[in-house]
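Next come the structures, one after another.
Paired with subunit B in one complex and with subunit C in the other, subunit A is shared by the two complexes that follow.
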Partner chain A sequence: MPDDHDENGADAVDDGDGSTRSAFEGGEDTSQERIETATNVVLAVAALGLLGGAMVGLISPAYLVFLVSLAGMYALLSLGLNVQWGYAGLINFSVAAFFGIGAYVPVLLSATGSPITDSVPPVAGVFVAVIVTVVLALAIGIPTLSLREDYLAIASLGLAEVVRLVFRNQENWTGGTSGVGGIPLFFDGVPVLDTLPRDIGTVDVGFYTLGFQFWNSLLNAAIVGAFVLGSFLVLRRMHRSPWGRVLRTIRSDEELAEALGKNTYAFRMQAFVLGSVVAMLAGVYYAYSNYYLTPDIFDPIYTFYAWIAVILGGSGSNRGALLGGVVIVAIVEGTRAIGDVAFSLDLVVTQLDVAFTLGASFRLLAIGLLIILVMRFRPQGVLPPRDELIWPGARGGEADE
Partner chain B sequence: MSERDTEPAAQQSSGRDAVLRTENLRKTFGGLTATDDVTMEVERGTITGMIGPNGAGKSTFFNLVSGFYQPDGGEVLVNGEETTNMEPHEVTEHGLVRTFQTPRKLEGMTVREAMLVGPQQQLGESVVPLFTRPGAVETEERRNLERAEELLERFEIARLADQPATDISGGQLKLVELARAMLAEPDVLLLDEPVAGVNPTLANKLKAIIRELNDDGITFLIIEHDMGFIMDLADPIVVLNQGAVLMEGTPEEVRSDDRVVEAYLGGGGGE
Partner chain C sequence: MLASLVATWSGVVAGALAPGIAQGGLDYLPQLLNYLANGLVFSAIIVLGGIGLSLVYSIADFANFAHGDTMTIGAYAGLVTLGAVGTAGPTLFALPLGFYAALLAGIAVAAVVAVATHYLIYEPLDTDSIGLLITSIGVAFVYRALIQIQFGTGYTVYDVPTLRPIPWIEDLTGVTLTEHEVAIVLVASVLVAALHVVLQYTTLGRTMRATADNEALAKVSGIRTERVITSMWVIGAGLAGAGGVFLGLYNQLSPRMGFNLLLVVFAAVILGGIGSVYGAMLGGVVIGMVNRLTPVLTDFGIPIEPAYANAIAFVIMVLVLLVRPTGIAGEGVS
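After this line comes the complex of A and B, so read on.
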């Protein structure tokens, strides 16, 4: 703010009106609108490209459905982390622990290969997973959430590793590194839905025959879609509530929030638990879209994917978290395609290993580049929060935007 | 202004009623005694000033009574109830609200949003009512919004409401902070250097607003280095020196007290 302004209240605003900006879309921030338009165009082109690819037989419909589900899975991870980092400013590096819990808990209760039991239907297992998640989040949160942010980062990463090592080594409970097999379908034990993918039978569409595999992945996509939609709607309401406003205050200035009578520890804990539950749901999809589950799901890389998604999408923005999920899939699966290309080219000179490394390093390179570009040109992310955090409807009487 | 039930009593009995009281309050940092057995009272309905040379322990005292520091000894009482060792938010619940020496900016918020953090015990700050009683949350939010806008208008900064809270000047921010503190309905408001870095026009305006709010029943405890400002506004004035209360009295008494002059000129009197 220039110092030559008359600071005397209303007068200063008259002087300053021409030079001040609005932080939100109601103002003249056209660059935000341009970026949103560009984002929509890119997403639409990508969607059309994929659909077109499927129509001419380049991409199988099952793979397409898988891509969409995967985007939903990463979106859940980033929606969850967004509650913690984007709303409350918690630097949480334990996302993968809850991702793993969401996968392991229902599977350990339902899979035939489980060392514990296979008698609990997966749908009920999800509720157990919610309870385990809340307990684990409290267990991680109670000692760490009173720490300063950077210490929280280190402590949460360490505790997530502890969880990973427990699942790797506690073979009598988790099957250890050899994992758990015999995972049933998610709707096992639920009338109609459990046999639905088989009952539909096979349908011929042009290049493909859609059979059980396709219908089953479509059902899994519906599950992850329901999780994403439900989480998004719940989080959107919470974000724009006084609750969300307190979290944003804490993120910005915790002492100020305390001075204004907010119990910051309790609010941080709520954000931590809620975000962990949302991230846990991603694990449920992961487990039931695979036949086999290994402790690799606890790999910290999933935590970092979630972080990249949130930072790219725009910290504090639920829409941004969804976009981030899509971008992660584009990078992870897109670089796999690049790796495949390199693979087939190199096959002539039989450099298989080199080709494989190229795909993986391309992924890291793409992620690194993207982060640098976003941080350099758009530090607030692609789709930062656009609304004032005021309960919708409360401003009804005003002639605003 | 305030709807606290203690308030009506305060209006009538401006006698011995202390809204804030400390007894032998003590804080040491290593070998340094920042607050040395401070016993003082802020009488309800007053504008009490707190002055003292740099390092006299004024800010430490604020941090102690508002719960940001834990005292090494002594007691703090707000509205007659002990708040020693409480968390800052609990102290606020007892009716004591403070501002900070450097104004705190809320990143990514408009002034309107930043104002709405002020009201205490909002229904919408709990998770469950957001889904079970959205109508009640909306009603409450609308009421808070109205009160916020009333205050902004009263402070003549209503046109700032749409501005990002990070984009307004330091002086304007002080007004916003004061207005927001009012939404918390405090019994006693602690202001840490309200006119530091504020131009004289705005300082006069702040003075007028503080007087007005005081007439409405808010008690003030104000740290200020601007002698003209504080001598004009506050009565009584407490002088701290080297962590201890040097004297307390009317502005005239303070001005004519040799010990005060000595403390300011002698760099603490100990040399």
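After this line comes the complex of A and C, so read on.
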């Protein structure tokens, strides 16, 4: 496919100021197919390695399920950010605020430790969380979305910090820094699913005995899987719709979009709200896979996890966002393992908390280096979007190749 | 114009406080003076951080999210130096000479690290200002991670004795101000005055202003903009390093200290007018004061706790961006 880079819409549209290249423009990229093959091979080897490890008793099935769920959670964060940055070019640094809202709102309505109430079933709480997310997205978006892009970055980070400070300090509503305990299962109050993990009982499989914990985390994985699949399909459809085309036009040339009579502010707002709702769903999984929730969930680091996932995967590419989610899990769990191994082998560290800190430091180092390396060597990401501006079928025979 | 804005501002402050003074009478005055004195010290630190952030914005043309962690680097370089030099010998403002060596080391190390980062990371990038902004987040994480790996995540302090407030100031006005805090304000003032002289009266300053104004034009006029950019990093990061050492002296040191302060510094710089050095100074004083005056709200029964001091700064920042994105000092002052 010698013409591959010509089909990359970002190139075709944004030829104006050839001297600089922004993160979502593709470069001369004839080796894209090889990179995609390599990515698939690496992912397949990693998956087989994990499965193989589980088969021979090295990795517990519960941990495997946990890893997959975690990848789904980060994929949701990056899918949401991808709508905002990848589609619409919004530099949104407030992802963590919506991640936190998705966790806190249903929990504050359903947990026994909640200062508000524990009477609302979590499933219903998610709908309340959607409403709160839309309201908060409007509250953050209305003042900031008309700002110049770098101001938007600073202002959205600032407002996300305001949200974090409110959740830390309003103890009468949120339990403050000590957090909220007594979080029920996600399907609490729903017939059958409520008691399903308990009803299955224990099953012996080879090295392992699969009990309540395993079935429950499998159910949580199914929840996050459903969120990811649903978001992915909806977002793919929207990306290819006229709405998605307008957003891509805004991203590459806002004045052109305005000249065509599009209300760019409204489109950006819609992208901001939609992306925030998707990121919020990640918070729902986070809350119900833990017993306890603290304001640490508002840490800006989650915003930057989502950013590195999107940039690495390829801005504007939903496949890339999924890949980014997997890479973040590899970094988060891999660096945790560094600390654990150092501790168990008695290397350098002899205390568990020091080992934990060491893992966290290496995680930060890995994330930082990854951001720098991607921006230096592959600013368009590993899996940049294909078929940017046109529906695949519109090119006739070529799409079938 | 600046003078009139300052006058307006002090008018606003006086107007807001007048009913309070009427309520609490003169009893409240020492308390208020205390907040103001505290605000002055905090302002000095914000100003030192803000100047560099503004310089990078005007000359290298991006919002540098690694600037807060540059302050952290200065603080920890000071910690290591103080440990090596020791605290023996004569003192100045109750600080051993070793501390001043630590201050110089903090300035030097922060400057060297920033220049190295510029040549190793920012310079080879083929990207726009947004790409640089995102890269600077990666740089910030690398700085902080390396400090955490070396020093751990906990808090630590400089090995200088904690002081009681200067007695005669306390007796006279009720303001509790330590000699350390006086030293912070004085040294910061000297540094800022020196920067003013450099910017206004030296060739370097003129070439810096020219480069900030129009880099291409500066280049064809024969200015070596590469050197100017290097000097800019040295000055901006050096002042940030000093700010970091003072922040460590004023509070304590932790690997997150700079990142936590970064948004407050951004608020100050945006309020003053991003890209303007004098705007950054003015914005730093206002934001530093507002930050430390937050307890006044609870004193007068407004239920906004001091824990929201930073939140107030961020809201001011967003309001400034909405109403007057060029900030107080506007354009072209740098």
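Just so it is clear, the second predicted complex is superposed on the first by the 344 of 401 C-alpha atoms of A that agree within 3 Å, B and C clash if a C-alpha of one lies under 4 Å from a C-alpha of the other, contacts with A are read in each partner's own complex, and residues count from 1 in each chain.
Following the convention adopted for this analysis, contacts are C-beta pairs under 8 Å (C-beta built on N, C-alpha and C of every residue); 3 or more make two chains touch, one makes a residue touch a chain.
Just so you know, these numbers come straight off a predicted model, no measurement behind them.
**Student:** Using the superposition on chain A described above, determine whether A:132 touches subunit B (first), subunit C (second), both, or neither.
**Tutor:** Neither partner.
**Student:** Quick check for you: in the superposed arrangement, does A:253 touch first (subunit B), second (subunit C), both or neither?
**Tutor:** First partner only, subunit B.
**Student:** Of the partners subunit B and subunit C, which touch A:143 in the superposed model: first, second, both, neither?
**Tutor:** Once the two structures are laid over each other on A, A:143 reaches subunit C alone.
**Student:** Should A:243 be classified as contacting the first partner (subunit B), the second (subunit C), both, or neither?
**Tutor:** first
**Student:** Could you look at A:159 and tell me whether it touches subunit B, subunit C, both or neither (first, second, both, neither)?
**Tutor:** A:159: touches subunit C, not subunit B.
**Student:** Examine A:385 and indicate which partner it touches, taking first as subunit B and second as subunit C; both and neither are also allowed.
**Tutor:** first
**Student:** Starting from the residues of subunit A touching subunit B, keep only those that also touch subunit C in the other complex, and list them.
**Tutor:** Dual-contact residues (subunit A): 20-23.
**Student:** For the complex, give me every residue of subunit A touching subunit C.
**Tutor:** 20-23, 91, 143-144, 147-151, 153-155, 157-159, 161-162, 165-166, 168-169, 304, 307, 311, 354, 357-358, 360-365, 367-372, 375-376, 379
**Student:** Quick check on the complex: what are the subunit C residues that touch subunit A?
**Tutor:** For subunit C paired with subunit A, touching residues are 62-63, 121, 124-131, 133-135, 137-146, 148-149, 152-153, 263, 266-267, 270, 305, 307-308, 310-311, 314-315, 317-318, 321-322, 325.
**Student:** Spell out the part of subunit B that touches subunit A in their complex, as residue ranges.
**Tutor:** Those residues of subunit B that touch subunit A are 66-68, 87-89, 92-93, 97-100, 104-110, 112-113, 116-118, 120-127, 130-131, 134, 137-138, 141-142, 145, 155-160, 162-164, 167-172, 175, 180, 184, 198-199, 201-202, 205.
**Student:** What residues on subunit A touch subunit B, complex-wise?
**Tutor:** The contact residues of subunit A facing subunit B are 1, 3, 5-10, 12-14, 17, 20-24, 26-27, 234, 237-238, 241-243, 245-246, 248-249, 251-253, 255-264, 270, 274, 316, 385, 388-391, 393-397.
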